[in-house]
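Structures incoming, each one as structure tokens.
Shared between the two complexes below is subunit A, which pairs with subunit B and subunit C, respectively.
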Partner chain A sequence: MLLYALKRLIYVLPVAVGVSIVCFMLVHIAPGDPLISVLPPDASADLREQIRRAYGFDKPLPVQYFIWLGNVMQGDFGTSIATGRAVAEELAKAVGNTLMLSVVATIIGFVLGCLFGFVAGFFRDTAVDKIASFISVIGVSVPHYWLGMVLVIIFSVQLNWLPATGAGPGGSGVWEWDWAHVRHLILPAVTMSVIPMGIVARTVRALVADILSQEFVQGLKAKGLFDRGVLRHVVKNAAPTALAVMGLQLGYLLGGSILIETVFSWPGTGFLLGQAIFQRDIPLLQGVILVLAMFFVFLNLAVDVMQSALDPRVQRS
Partner chain B sequence: MSLFSPSAAVPVVPAERSPGYWSLVLRRLSRDKVAMIAFVVILALVLMAIFAPYIAPADPYKSSMLRRLRPIGTPGYPLGADELGRDMLSRLIHGARLSLMMGILPVFIAFGIGSVIGVAAGYIGGRFNALTMRTVDVFYAFPSVLLAIALSGALGAGIFSGLLSLTIVFIPPIARIAESVTTQVRKIDYVEAARASGASGFTIVRVHVLGNVLGPIFVYATSLISVSMILASGLSFLGLGVKPPEPEWGLMLNTLRNAIYVQPWVAALPGLMIFITSIAFNLLSDGLRSAMDIKA
Partner chain C sequence: MTEKDHPLVRIRDLKVRFKGARDVFAVNGVSFDLPPGRVLGILGESGSGKSVTLKTLLRLLPEKRTDIGGVVEVEGRDVLALEGRALADHRGGVVSMIFQDPMLALDPVYTIGEQIAESVERHEGLDRKSAMKRALDMLERVRIPSPERRLKAYPHEISGGMRQRAMIALALACRPKLLLADEPTTALDATVQMQILLLLRELQKEFGMGVIFVTHDIGVAVEVCDEIAVMYAGEFVETGTVRDIIRNPKHPYTKGLLAANLHGAEKGHRLDAIPGAPPPLDVAPTSCSFAPRCAHATDRCRTAKPPAVALGPGRLVRCVLAEEGAAAA
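On to the complex of A and B.
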């Protein structure tokens, strides 16, 4: 078990290094001089050169990479060009908000997805299955940013039940678990939960159908055990995979939250990313992407190890 | 009298050709009602995109300050007017052109490039495989939305940078599938036999490998079109990808966002188009998968 975890870690490290290289290169694939947004347009060639040296852009790329990596390792992600604040500071505020939104959405999606998937798998090829499966297809096909807009139209514009944007009354920065705050969370979380709902439902349906067709279940049925007893076995066998899918979905939501955060002006990493893109703030862009991608890489690792701990049959090569 | 008079001969029945794999797949697919409806919807969308100038009742670029944000059913504006007074119906019809192109093209290019990478890695194996697949893993390690946004965010807005970013996003998953299918096929006896009989590597790949791996890779690629549609329009929705005033569904959704308090249902229309397209591709891909009897 521990050996397996260690093996996975050794395998993941080069990938993590690769991810950091891709993030580093983002500055360099951006068209134009990376300094263009800091320099005044009438800067003399002399000043240009001076600043280039100050930012370290005169050194060869590999050297630049290692300097950058060293800084990042110490928590220094550089300075945002637009605000002049440290990128790490901006990130710290945003990550918490995104994490909360994604976790709540994942839980909603997981519960609903399991429900639909279970029902569909148990009553396979019946009308119930068709309906549940259709809902899961809708879940994976709907453009979630549009769904967010539609929910805002219904619940904010027409019914006026829930707020359309923001993460708290009066744009307050501190989150609290009271109704005034939670009502801001409902629409974005429900919108976001649609994707994991669809995927979890599809996975669980396939799992349940597969388990039900296996010999040991036939055996249990032959022994006269059904319903509750069989259900227990099915849950036990489906749980590791379903949980793994849930973990991966959390990672996808964290990385893909930008569209939903833009719709709801949710002050998380996605919103920050949107700002970075809009203002061509490349250090901020780089920092946000690096943190989200690394989170995803190590979440994957954690899910993988956890899954093999729960179910020793699945040790991925 | 010849013993073999024609009349005595057994009537010559031309050997019935057993139906090929693909005609079997097509026959199964044509019996799948859901998949057929999805196919018809996609066909209609594609025809709409091709013949947009002939179908659209008005010029999709012609704005009118006097007729901004008209509701659905306004005379002369069957689906209302957008924030610049342009005819929504015409813009939705014309929008199919860029939206479909931005959604489908990256998957097709990635299908080509990803298959080459994956099949080469799977067939050659060894160090080449390790090196290629670890590189692919790096890109695969990003959530797809994040990678698409990172790349087009760095490259800047524009149709080309949008297409390029999406293509890069879809190469790794396709290459991974291609590699794993090829590795499986390579171990099968007939490939071994072909090699023993002296066939060149190129011939083996062309005859024995590609014929067996392209199907599953293709089905997988078609399942990505729906994601690609949502992502491509998402990029335009964020202000990346297609630039105004081009009609494109994601971009239209973006520019109409502020209008949800005035004409909410007009503002929601472009998203409905994305939804219909995406679900149709998903259902057709599901149908194709079960018609080809591919598990996983």
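On to the complex of A and C.
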């Protein structure tokens, strides 16, 4: 098992390096002079050159890359051009907020998705299935920034039950589970959970239907198991795939939270990413993208290892 | 049970129809008795309704899409009326089944031991530890090498022959009175096939079980069965002892099967050497289903169902020729 995990890790390393190169190159791919936002419009050529050297832009690209990579490895992502604060500091808070939001949303989505998926799969082609499938189709197809706004209108504006924006006291809810923070979490998390809910429900429904059509289910009935006994087997057969889908969904949510974080002014990476783009804050942009991409890469790795740990059919030689 | 001497299985005029876009009349009036401890072979080509007949005995057919008519009794109990707990006790406790491909019939994510133990826990209320001991004991009885290790193996980790042995161990773990075997050796190599047949025969004697053994292969049927029923298009067209069927076949279909098997020298050869194809089963038969392929067919065969001619106890032939023969005798 450990060996398998190590092997997978080795496969992942080139991907990680590739991602870091792309992030690094962002500065040079982005149109326009990256210094334009720090320099006054009427800066002299001298000052321009001085700043250029200060940021290391005068060195050859590969050298710049290794310097940058070395710094990143030590947790130094540079300084935000817009705020002048360390990128690492901004990132730490934002990543925490996004992680919390995505994890909660994924858990809600997974639980509901499994529920709907199992019910739909077990009662395939009945009214119950139609209803559960309808909900999951809505889940994947409704634009969630729109859903977010609808929820805000209902629960914040009309009923005044929950706050519409922010993350609560201190502007950050990182792993704070008191009500003052949690009430801020509810609307964005529910909004965000809709997509994984739909996808998990669809996957689980298909899985359950497929498993139930397999001959071994007849074998289980033939040995006299009650329905709940059969259900246990179905769950164990479906679990590795369902959990893998959940892990991947978490990855998508981590990277794709811009719209929701913007709608709810949630101080996470999506929000930060939006800021970085609008303010042409390249070091911040690099940092956010690198961290999100790495999360995605290593989450995939974790999902893969977990799946093979859970599923005896996967060869682990 | 009120009577002491009913047969283990009593089936009368069993009819099974699958409803759907196209109906399938899979079984069309099957009747037979199986005394305890006897082995009945059902012989017939693909689609003749062999598996459906077996599954009826365990009520494994999809409830909503299936119409089942007639009488199905095991130890005098009406199988078609079983519900809930009684049905679950019947399955695996009184009647067990082994399937053609044990790879498909075992759950891929549970170990062999867990799957056997689960059945024992369910039927005999043993705890996991004693149930596992029973599982180990069963693996020894079916002579799986290094049984302790196989107990913890997943189905894909052992060979096909061993999987079928494990399936047999599972089926017999709760000492059923009746074992249904649906082509249990078709998926195996010839040598392994022989070993499994011998094992089944031995365990059948040891446990004193009744067995219904479905196969395509006359050679296999001769090896393990006491009686044989030849099935065609959802009907038993001829029944008798192995000796009756082999030495003195009466029905043209049985004769065709035997001839095909003799000429197609090697054993294990499928029953497809008779020209023509079995009839579509989308309507209930109103004439002899074999008539389109029969060299002796007359207008009478094509307009009415041939009578079931009894030539002795357990000896039945569904053909006008047999009637003439019986009348002449």
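Miscellaneous remarks
FYI, the second predicted complex is superposed on the first by the 302 of 317 C-alpha atoms of A that agree within 3 Å, B and C clash if a C-alpha of one lies under 4 Å from a C-alpha of the other, contacts with A are read in each partner's own complex, and residues count from 1 in each chain.
Criterion: a contact is a pair of C-beta atoms (placed from the backbone, for glycine too) under 8 Å apart; a residue touches a chain by one contact, two chains touch by 3 or more.
Computed from a predicted model, the values in this text were never measured in an experiment.
Bringing the complexes onto one copy of subunit A puts subunit B beside subunit C with no clash. In the superposed pair of complexes, A:Phe296 makes contact with subunit B only, with no contact to subunit C. Applying the stated contact rule after C-alpha superposition, one finds that A:Gln218 touches subunit C and leaves subunit B untouched.
Touch criterion met: A:Leu26 reaches subunit B, while subunit C stays clear of it. Which of subunit B and subunit C touches more residues of subunit A is settled by the count: it is B. After overlaying the two complexes on the shared chain, residue contacts for A:Thr262 are found with subunit B alone; subunit C is out of touch. In the superposed pair of complexes, A:Gly251 makes contact with subunit B only, with no contact to subunit C.
With both structures placed on the common chain, the touch criterion links A:Pro312 to subunit C but leaves subunit B unconnected.
Applying the stated contact rule after C-alpha superposition, one finds that A:His233 touches subunit C and leaves subunit B untouched. Across the superposed structures, the minimum distance from subunit B to subunit C, using CA atoms, reads 15 Å.
Shared interface residues of subunit A, touching subunit B in one complex and subunit C in the other, do not exist.
The touching residues of subunit A, counted against subunit C in their complex, run 214-216, 218-226, 229, 233, 236-237, 311-313.
Of all residues in subunit A, only 14-16, 18-19, 21-23, 26-27, 29-31, 137-138, 140-147, 149-150, 152-153, 157-158, 251-252, 254-256, 258-259, 262-263, 273-274, 276-278, 280, 282, 285, 289, 292-293, 296-297, 300 touch subunit B in the complex they form.
On subunit C, the positions that touch subunit A within their shared complex are 55, 58, 60, 88-93, 96-97, 99, 101, 104-110, 118-119, 122-123, 154, 156, 170-171. Across the complex, subunit B meets subunit A through its residues 134-135, 137-139, 141-146, 149-151, 153-156, 226, 229-230, 233-234, 237-240, 253, 257, 260-261, 264-265, 267-268, 270-272, 274-275, 278-279, 282-283, 286.
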